Each structure stands twice: as structure tokens, then as C-alpha cells.
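Paired with chain B in one complex and with chain C in the other, chain A is shared by the two complexes that follow.
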Partner chain A sequence: MLKLVRIEFTKLRRKKLLWLMLLSAFIMPFFAFLYFCYFGETGIEPVAFYKWSAFGFTMFIILPFVLGMLCTILMYNEQRFDMLKQLWIVPVSRLGYFFSKFFVVLIYSVCFMLITAIASVLFSVLPGYVVFEWDSIFFLLKKCLEIALFTAFAMLPVLAIAAVQKSYIMSVCVTLIYAFAGFFMTPINMYIHPLSCVSVIIARNGDIPGLTLPQTVHIPMALLCIFLWSFAATLFAMVILSRRK
Partner chain B sequence: MNDFVIEAKQLTKIYGKQKAVNCVNLHVRKGRVYGLLGRNGAGKTTIMKLILGLTSVTSGKVAVFGQNIRGREKRVFPRIGAIIETPGFYPNLTGTENLEIFAKLRGTAAPGAVKNALEIVGLPCKDKKLFGKYSLGMKQRLGIANAILHDPELLILDEPTNGLDPIGIAEVRDFIKRLSSEQGKTILISSHILSEIALLADDIGIIDCGVLLEESSMNELKKRNSKYILLQVSDVPKTSLILEREFHTKDYSVQDEHTLRIYDTSLNMGEINKFLVMQNITVTSSGLCNDTLEDYFKKITGGEGIA
Partner chain C sequence: MQILLWAECQKLRRSNILMLNAFAIIFIAVIVLIGGKTTVNGVDFSESSGWYMATTLTWATMFVLPAMIALLGSYMICREDQDDTAKSLHLIPVSKAKLTAAKMIVTFVFSILIYLLLFITTFSAEAVLHFSGLSVKMVLRSLKMYLLEGAGVFLAVSPIIAIVPYMKKSYWLAMLLAEIYSFAGLFMSMSNTLKTFYPITAVFGVSGYYEASIQNRICSAGVLLLCACLAIILLIRLNSSQKGKIHDEETI
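Let's turn to the complex of A and B:
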């Protein structure tokens, strides 16, 4: 598997879009900086800043959208340039193929959230809005890694759908719908959409002020939802890939 | 135990209502070049896909190295190198980088395997040109390099000279010949270009509308299709005797009770006629026939010729 993951990274050489997408990790930390700059507040609670920079739109919209784009990029070339038959002849197992791409998504997700965490610290501590504290930084890192890990799993359905699509536009549309559906489903029912379940897991201790959940927090239920969607996505991808020859 | 590297029995593939491959019995012998000849859409690529497990078999079976192919057999596939249709590679990588990916996937341990494969097909190693900017011919060469990268025992090449210039075609042809004669590789090659198959193949299979119409060795086919003197005489046994005793040839065949084919065209037709007449044998007709492989192809496919 490690070999397959390395090869997946080799395939992404010279893809400038991947680096540009990483830059979007700075969007919300920068807006948080502008927001607090506008109100001229200093000495604010670190979590209040991080809620804006990392636990808000980054978690609900930006990260899922970026990961969805990555899923499309990972699948698109092989579909478009009819490469799958060459890989099957090697032979590469379909499960290995699918999960090697998932691990790329996971690693990218971790990198993205680490950049978000670093940017959050830089934009909050350097201007003096937040006092530097190791505890709050560890809290931010822990939450960012949790978001990265669970969101990557929650994006498995998009990766599976990307295996079906031969067009960039359709995949991007599906990603947008999926990300926004997760955002809008959260107030209605948190245990249907995997991305809603991610927010349940992240806000489970009620330690992120302002991130209130409409239902009772039930972590096993959230994990079960993510697992079921991931399992169904993997099965779907296996069926689709066995037809793609 | 037979020496067939590929053996297909009653192989059938149906797409919807269309029979793409119909009860094909194919036999590729070890160390031989087998040419699968047919028009576009005849079913050549489908047969190759069935052999490689790239599409499911509707009925019948296919065995490679004696093992039935059901899915993607892990023990068999590393022994095969293949190029099916136009080879696809990653456009954002160079040719060398693309081959390195496949070398890693296959676990090709031989150092310099990539460089060697590129040299064989005449592509530069460590070139900075991206695959996306390759010409069709270069893409085809890279596809061939990928097929031979891991030194496979069996090569399955689907129209490998597509898009190559005449010099490139000749180079690839020589290279395939060398692989077979010097390294004893078994090669299954498909083409719709008759001359290409005629120059390369040891054995030939002619396919049309999914049906394998003919399967024989090239020598056998050439014998059937080469020049011959066609004689129609009143007494075939007596004529045979005369040919053997007076003209010292046994290179003829009896077609029916009045017809003979003499394959030794160095014989003087006039003298044969004169001699036969002198022996009271009536010669109804005599003439030099010149059947080509294309004539034969037309005859058995019952239609237009092939380039």
C-alpha cells in the first residue's frame, strides 16, 4: 500500500493546482485576522479566534470542497486518458487503487489543516490579538488533526463518485452539492450526512463556543454514520472500477 | 501437456445483442509470433481484452500459461506485457517518469530496465518532454516500452504500429522479430494491415465479424497462396507420375480428379504441356496462378480486401 501511495504522489507532479488549493488554508485565518482587526479587539480568547479561522467555514465548506477537488484530480486523468486498463494489466488491485487515492486525500487533508493551524497562530499571535499559550496551540492542533482525519473519511463518497465521472465539471458540482448539503443538514439531522457527523465529533465536548448542536451528541452514532457511508462508497467504487476497462 | 501459451476454447463475448466474439478457438504456441488479422471492428481487440481479463467472458474459456483466466490472475499477469488500443499515460509526467511508475508497480527490480526499454523503442531517457506533448508515434513507442519493461514471456500487442511513420513501423517490426527469434518470446499481435502480419507472423488467425475463419501457420498459408501452375488434365495419376519421373518434382498437389497444382514454378509450363500431350493426356487448361494473401483474405471473408 505504501508503494501505491508513493506512486500516487508521483502522479501528481507538476500539478500546480494542488499547491494553489493549499493556499486556501489561509483564507479563514486571514478573514479572522481582518474581523478582529476591524473591531480592534486584543487579548481575546484563543478559541474565539480559532472558531473563525479553523472550526467554522474551513471545516464545513473549504476543506470538503478542496478535498473534493483533489478526489476529482486523482481520478480524472486515469479516466480521461484510458489508463485503467494499463493498471489492471499490471495487475493493480481495485481496492489497493481506491485506498491509495484515499490515503493521498487523508495526507493532503492533514497538511491542509496543519497549514490552517499554523496560519491561525500566526494571524492571531503576531498582531497581538491572542496571547501565546501552549495549551491553546495544542488544542488547536488536536482539533485540526481530528477535522483532517474525519473529513477525509467523510469524503470517501465523493472519491467513489469521482471514479464514475469522466468530466471535471460534474465532479466539481457533486463536490459542491455534497459540501453544502453537509452544512445545511447539520441543523436538521446531524446523523445523516457524514460531514455533519464530523462537526458532531469535533464539537462533542462543547469546548468550541458558538458551535452549538441541535441534537444530543452521540459519538458512536456519528462514527457509525461515517463508517456506513465509507463502506457503501467503497463497495460502489469497487463495482464501478470493475466495469471500467 | 500442450505447448500453447494462449488457448481459447469456444470463446464468446456478447455486448447487448451484438456478438463481438463468436466461438473463437485460438491457439498461440510458445515462442511464435501469432498474427491476428481482421478488419476494423472484427473483434481483434475484444479477443485481446478477454485474454487479459479486461472484459468478462460471456461463454467459453481462455487459458494463459495453462491457467484459466477468470479475473486478473496475479501469477499470470506479471508474465505478460500488453498494449491495448492507444496506450494512455500521465500527461503531466515525462516518458521516463511514466515508465518508472509502471516499473515500481510491477516491482521491476532490474536496474536500468526503464532506460533499456526506452532505448529499444528509440526514445530518449531522462528527456524533459512531457507525455502530453508527445506525438502519436512517440506515444505508441512508449506504450511498447511499457509492455517490454519487465521482460515478459508473452507480449500482447494490439495494433502496435498505429501512428508510426514507415521507418518506425520497420523498426518495430524488426524489434518484434528479434524478440521472438533471439529471446524466444511468444507474441500475439493484431493488425488490420495484411502486409504487416505477413512480414511478422509465424502463425496467423483471420477474424471477421467476431468469427475466427482461419487459423494456420504462415508457411502453410503461403503455400496455399503462393504462385502455382494450375493444370487441368484428363488423367491425373498419369500426370503425377510424369511430373515425378520426367520433371523430378514432388512439389504439387492433387485438387480433384482433373486438377493439379504444381508449386514448383521454375518448371517450364510449355514443356510440361508438350510432354503430356505426347503421352496422350488431354490438357484442358494450364496457367500460372498468383493468389496473394489478400486474395485469400477476400476469399474467406467473402468481401473487400484489406490494406
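Let's turn to the complex of A and C:
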């Protein structure tokens, strides 16, 4: 598996877009900076700043969108150049192929959220909006890693759709709708959509003040939801990939 | 030009992109309707007439539709290079400028149709939910807003579509740019000045979604026309640079 992951990264080395996509990790920290600059507030609670920069739209929209695009890019080129036949001949197992892509998504997600965390600290501490404290920085890092890990799993359905489609249009549309649905489903039911479940896990124990959740927080339920979606997505991808010659 | 437009429509008819977009539009409308069932302080938003049509328009414009329109435009432009049909088209010969213009016109019409479909979906839902609360004036105002949004969003994203041929098959980047561009509109609407001049929020001003003075509306319309001019300049430059390349090859 490690070899497959290494090969995936070697293939991606030529893609400049992936580096450009990482720049979008700066979007929300920058907007959070503008937001607090607009209201002219200083000495704000670190969590209040991080809620804007890392735990809000980054978690619901930006990261899922970027990961969805990554899933599509990872799958599309092999489908387009008809490389799958050769991979099956090598042989590479369907499961190994699918999970090697997933691990790339996971590592990319972690890098993305680490950049978000660093940018959040820079945009909050340097202008003096937030006082530098190791505790709050560790809290931010912990939450960012949690977001990265669970969002990567939550994106498995998009990866499965990308794996079974020869065109990129469908997976891109699904990514947009999937992220949009996660954002809108959260106030209705937090345990239906995997992205909503990520927000439940992040906001457990009232860690993020001001984040109102419509239902009581039930972590096993959220984990079960993510697991079920991931399992169904993997099964779906396996069935379709095994049928494909 | 008519033949080119006809050919573009024929190409699209064979692709499943239109069906996918139609499905996506209906799905967005359903998601917002479900989201509207949220009760905050005992108020069910979806119960007030007009709320659904207005909210769907805002969220769809902020999160999904600009990226979809940019995707369609860039897909249409890129596919000639991708499927290697560009060479055959040059041999006919088809003018690159006219071909790109035809693609842009089709994207413009598509943009308006996509908003029209969204309007039909939201209006149908409103009519089923609370028909008595709807007035002809309200419906016509919403229809005007939707159609203007369709035209305005196309103008706002047209520079992104026009950049795509420069980036050589980097439609992914166009898509990412369009999404960030529309998403940033959420924050730009916090300031009155930015709201008027930022293209995505300017569309809302022009369509009449929010109250704006005549001067602000003129400024917003000016910004959108500037976007269109920028797209035209980019496409003209592309055409002239390609002519230069062909000339160089002939000289060699």
C-alpha cells in the first residue's frame, strides 16, 4: 500500500494545480482578519477568531470542495488515458487502488488544515487581535487535525463517484452539491450527512462557543454515520470497479 | 455564426452535462426547502411566502451556480483541445474568434436557462406551499431577479471562462477560481462600497435583490460590463496570439 501511495504522489508531483489549491487554505483566515479589522476589535477570544478562520466555512465548504476536486483529478487522468486495464494486469487490487487514492486525499487534507492553522495564527496574532498562547494554538492544531481526518473520510462518497465516472463533470457537480447539502442539512438533522457529523465531532463538549447545534451531541452516532457512508461508498466503488474490464 | 451556434447546441445535446445541471438545480432547490424547515425562535422560515424564492436565489448564487456556469463555459472551450478536434476545425477553416464567441453565447443562454429552471422549481414549490400568499407582482419581480441574476452571473464569471484557453486545459483552476470568487461575495456584502463594486454582489444590486440607489445600480452594472469587456479583450488577444503562432509555423 505504501508503494501505491508513493506512486500516487510521484504522479501528482507534476501537477502545479495541487500547490495552487493549497493556497485556498488562506482564504478564511484572511477573511477572518478582514472581518475583525472591519469591526476594529482587539483582544478577542482565540476561539472566536478560529471559529471564523478554521471551524466555519473552511470545514463546511472550502475543504470539502478542494478535496472533491482532488478526488476528481486523482481518478480522472487514469480513466481518461485508459490506464486502469494496465493497472489490473500488473496486478493492482481494486481495494488497494481505491485506498491509495484515499490516503493521498487524507494526507492532502491534513496539509491543508495545517496550513489553515498556521495562517489562522499568523492572521490573528501578528495584527494583535489575539494574544499568543500555546494552549489556544494546541487547541487549534488538535481541532484542525480532527477536521482533516474526518472530512477526508466524509469525502469517500465523492471519491467513489469519481472512481466510477469516466467524465469529470459528474463528480464536480456532485462535489458542489455534496458540500452545499452538508451546509444546509446541519440545522435540520446533524446525523444524516457526513459533513454535518464532522461539525458534531468538532463541537463536542461545547468546545466551540457560539456554535448552536439543533440536536444533542452524540459522538457515537456521528461516527456511525461517517462509517456507514464510507463503507457504502467503498462497497459501491468496489462493485463498479470489479465489473469494469 | 448561426451554424456555429447550431453546432455547439448539437455537441451539448450529446453530452450529459445539461441533464446533470438540471438535476443539480432541482437538488439545490430541494436542499434549501429542507433547510428552510429550520425553526428559529418559533419561526418557520419556509412558511412565509416569497422567502423560499429569495433564499434559494442567494445561496445558489453564492455557492453553486457561478462555478457551474464557469465549468460549462470552460468545458466547452477546452473540449476542442482535449478531444483533439481543434485541428480539424482549423482545417475547415473555422475562425477561432467566432467559435469562442459562439461558445460564450451558448454559455450566456445556458446561464439564463439555468436560473429560469431554478425559478420554475422554486415558484412551483411556493405555489404548492402557500399559493394564497403569492401575488402576481411578487412573482414577476422574482422572475425579473432570476433572469437578471442569470445574465449578471454570466458577465461576472466571463473573465474566468476567458482565461481558461490561456491556461491550457486547466479548467480545474477555472472552477476553483469561480467557486472562491462567488464564495467571497458573502464577505464583500458586509461593506456597502464592496457590495456595489464586487462583481458577484453587484449582480444582486442590478437584479434588485437588495435595495440600492440608482447611482449604485449604475456602478454595479458598469462593473459587470467591465467584466464582459475584460473577457472580450482576453479572447481577442488569444485569437491574435494564435494567428501569430500559425504565421510563425508557416514561415518556418
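Simple rule for what comes next: the second predicted complex is superposed on the first by the 245 of 245 C-alpha atoms of A that agree within 3 Å, B and C clash if a C-alpha of one lies under 4 Å from a C-alpha of the other, contacts with A are read in each partner's own complex, and residues count from 1 in each chain.
The rule is simple: contacts are C-beta pairs under 8 Å (C-beta built on N, C-alpha and C of every residue); 3 or more make two chains touch, one makes a residue touch a chain.
Owing to the predicted nature of the structure, the values given are computational and were not obtained by experimental measurement.
Superposition of the two complexes onto chain A shows chain B and chain C fitting side by side, with no clash.
In the superposed model, A:W88 makes contact with chain B only, not with chain C.
When both complexes are overlaid on chain A, the residue A:K3 reaches chain B alone and has no touch with chain C. Contacts of A:K11 after superposition on the shared chain: chain B is touched, whereas chain C is not. By the touch criterion defined above, A:L195 reaches neither chain B nor chain C. When the two structures are aligned on the shared chain, A:L67 is found in touch with neither chain B nor chain C.
Residue contacts after overlaying the shared chain place A:A154 against neither chain B nor chain C. Chain A has more of its residues touched by C than by the other of chain B and chain C. For the overlaid pair of complexes, the smallest distance between C-alpha atoms of chain B and those of chain C rounds to 11 Å.
Common to the chain B-facing and chain C-facing surfaces of chain A is no residue whatsoever.
Those residues of chain B whose C-beta lies close enough to touch chain A in the complex are 49, 52-55, 72-74, 77-78, 80, 82, 84-93, 97, 100-102, 104-106, 130, 146. By the touch criterion given at the top, residues 17, 20-21, 24, 27, 31, 34-35, 38, 57, 61-62, 65-66, 69, 72-73, 167, 169-170, 172-173, 176-177, 179-181, 183-185, 187-188, 214 of chain A touch chain C in their complex. The touching residues of chain C, counted against chain A in their complex, run 15-17, 20-21, 23-24, 27-28, 31-32, 34-35, 37-38, 59, 63-64, 67-68, 71, 75, 170, 172-173, 175-176, 179-180, 183-184, 186-187, 190-191.
Put simply, chain A touches chain B in their complex at residues 3-4, 6-7, 10-11, 13-15, 77-78, 81-83, 85-93, 245.
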